[in-house]
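Everything below concerns the one structure shown next.
By letter and in written order, the chains are A, B, C and D; residue numbering begins at 1 in each of them.
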């Protein structure tokens, strides 16, 4: 059975020859060659990210310079070939190239080529880690995809409130950052208003690195005030998100409950999904299709 | 079509001549000249705040002293002219001058004049950032204004509980601050009880700068205790706010659901969705269409 | 009108002479002499706490040694007289002395006398701040008292779950504290398992002073693990408390809603408090007494 | 009366002789010898953990080396004997040895034996603290066990969402860790991408040790961004957990409310409180008394 277009990232195969066959292998996640392709790809991504980690560690870098260099180019060429293949087997290559996954696939190979001109840019190869997010789809974790849909839905509904919240926080950050610059001054590390703002972000979010700290009594009083305000408003995003998530849950349950289970006699429609009879008047419920 | 008085900050134009025309330009946010005015104003505010940031950074300050000085005075004179114009075109200037926005507008220009007498006070110009909060109104983000109303409503309802919570926290802060002053003493940085209280605020709110830390075993035990208490009660404001916000949401939805179920006799419109009769006067409710 | 016994701290006046009059002045919070007494008392508490703060600050202590010494003894003698008076005017002095407020009142005067034998113990005088909690009662903030009842009720209901949570956290703290002692060792500041436990408390609660930090790669991996666990379970007390608080709110509203508003015909009992008629069958509701 | 199998850890006594008697003493938690055994065991566990703490503290270790050595071996031999006894009195020793409690019991004695070969490994003896979790069962805190069931149920239901959340957080950690390695570089302590990732975990979870901090302006901007993102998403696990916990509470209450409304025909007992008819078979429900 064919999978829905959504799982194929909204793409179609180009023609019916070898390209259609490779399209199936690359873009589908069924058993057989397609599954083997996925396993090899995920393994290669993990290995290539690990190589980037290792290469960034000085002790490993100096001992295995050559090996890491070869591995890095090996993975990059492999992923480049894969990227070219993906472009070739889809009907509209541009649609793939401009999709989120296409852009991530491209970003995963570019840094190695850039490193020919800009040494050190191969650290950007860690964006390859984003490719691993495909795992949720490859493993057919539809329950995960559905639940992440709930989380995303609640975040989306909260977006305006969180923007309002962030603009209040940023206003606080500007004002307290400037106040600390005036109070503590460059002598105590607050060398500019932007530095003070960095400190205010670190403080109001309760991170508190301690690289910049108030020393004067007035600075400490202002800091305590900022912390207490931050402590009070840390509740706000949690409150927003929890309330929206609870609403999403409720509606989802409600939708499940009411899928075609309206009582034909008394029109009551709040029946649990497993109900066969209306619990108000006892009428047998006519289910309109399966759940 | 004229906007509601609320959006005009409760102000009316003075007369019908050029003042009424300028009132429309300054206080309304329609298309045309009024919109252009808003855009220029917001741009000027952004630019002026940026100048204050730049001026506070030593490296930039020494290189562009003159330019920054000119820009600062330029923006201040511009905003002063705008403030004067606002005062002139409203019917009751005092109502504007004593409104929240009027005070912010005044505070945005005063520091530059003060800096003639008190050098360095121009850092206070960052209060100009408060003027940007007008953006929500200018962009006609009525959805944002409405949702921030929900957030504010929930905060307002939580005010007593949060005050109780804060007085408990402050009591903890005084007692633990004094205890640490006694236990650790000036030798470990706890030079006075207020210093200990500053440390207790930083600790109980999980900021933890690390500028003051317990060194003695007893001090570390007391600190662990304070942290565990703080960890336990950090839940309280979130719990309060979430519960209140959920209640606000529920009531709002309830009101929306029943907008169509107004009692035909007494006009009461807050009925639960399953109501068949008005619960105030007993009249049978005419449902205007299905939900 | 006499206030309820609860507001009088469950105490009764001793006899009917001057002692009953002074009982009224000290323990009641009405207008007249009783109110004046309260105001003077609160002012004296604030002033005396301020004196303790000032005395602990070295710079102030050396300049005003004598004045602060006199003030400290002055306030102590004043509060001692007040404590003696309280004991004299209540019917059962022991009931007062062993009540929470009686103990706090005693603790507020003892440190000064102790300081005759143990220098430095006058810092403990800050427990006087606890006396200020009486403010809620003095100001007749009954709404506050009622709402703090809600907060306390939810905390009380959560007590078992929070204890379970704390025992899980403490188990984590012991295990990770010992692990870090083994991994990092005394060379990096983890001088003993209790020190490691102190570090684990500071870390898992996201305080993060930074006085002890992992240096070895393995130590950093273990730390990241502990932080991610802590980040995950910080949700638990908030979840517990929010769910319980929401339940308390709901029951409180429910109790208000149902106070005697059961429909006499169809027995529906979920009417809003302002309902006069049942919204299911239209029957007039018989209210059983006022709300 | 015999306790349920669950409380006996799913184990049965081996035979009916002295082994059955000792099985009762060791695995049951009734009054009499069984209770005495429990008390002695818990005391021994507490004491042995305390000895491990003391031994790890240098000052105590050097003064009481011999005593601590004897105590450590004494407790280990005692627990070894107990472990052997447990194995002997259960019908299927392997079932016990491979159960969670059996593994913990074994881990509690192994480190001392290991320390013969690997000095220092006796710090691992702190795993003995896990044995204390038995306290909840020993004290017959069935309410606690039931409530921890609620907490666990909510955690179990949240598992997929929390995994999704953690994979998003880890992706952020990899990307920001690599970005900071590129921006700040080894000169400011970010010696490798894994080090950057450790820093990102410490920062996004608002721990903020301060052992690694951004110094460059760009690094501080990126840090502020990471903190604001972390501040925004810290709400997510709390939201998830609170919503699930509220659902568990609701269902539990629902089940309790309807305990009396079992359908007389099909024995279904999960009816909403307002139900008059069984929603599975349509039978009229006989309500056993009022709610």
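Assume contacts are C-beta pairs under 8 Å (C-beta built on N, C-alpha and C of every residue); 3 or more make two chains touch, one makes a residue touch a chain.
Everything numeric here is computed off the predicted structure, so don't read it as measured data.
Chains that touch both chain A and chain C: B, D.
Traced through touching neighbours, the fewest hops from chain A to chain D number 1. Chain pair A-D has a twin interface among A-C, B-D or C-D; that twin, with over half of the contact pairs alike by residue number, is C-D. Seen from the C-alpha centroid of chain B, the farthest chain centroid is that of D. The chain pair with the larger count of C-beta pairs in contact, out of B-C and A-B, is B-C.
Judged by shared residue numbers over all numbers used at their interface, chain C and chain D contact each other through mostly different positions, with under half in common. Rounded to whole angstrom, the centroid-to-centroid distance between chain B and chain D, based on C-alpha atoms, equals 42 Å. For the pair chain A and chain B, the distance between C-alpha centroids works out to 30 Å.
Each of the following residues of chain B touches two or more other chains: 194, 206-210, 234, 238, 240, 242, 246. Considering their complex, residues 160-161, 163-165, 167, 171, 174-175, 177-178, 181-182, 186, 191-194, 203, 206-210, 213-214, 217, 220-221, 223-224, 227-228, 230-232, 234-236, 238-240, 242-243, 246-247, 270-272, 274-282, 284 of chain D touch chain A.
Across the complex, chain A meets chain C through its residues 206-210, 238, 242.
Of all the residues in chain B, the ones that touch chain A in their complex are 49, 52-53, 56-58, 120-121, 123-124, 126-127, 129-130, 132-133, 136, 143-144, 147-148, 150-151, 154-155, 162, 166, 169, 194-195, 197-198, 201-202, 205-211, 234, 237-238, 240-242, 244-246, 249.
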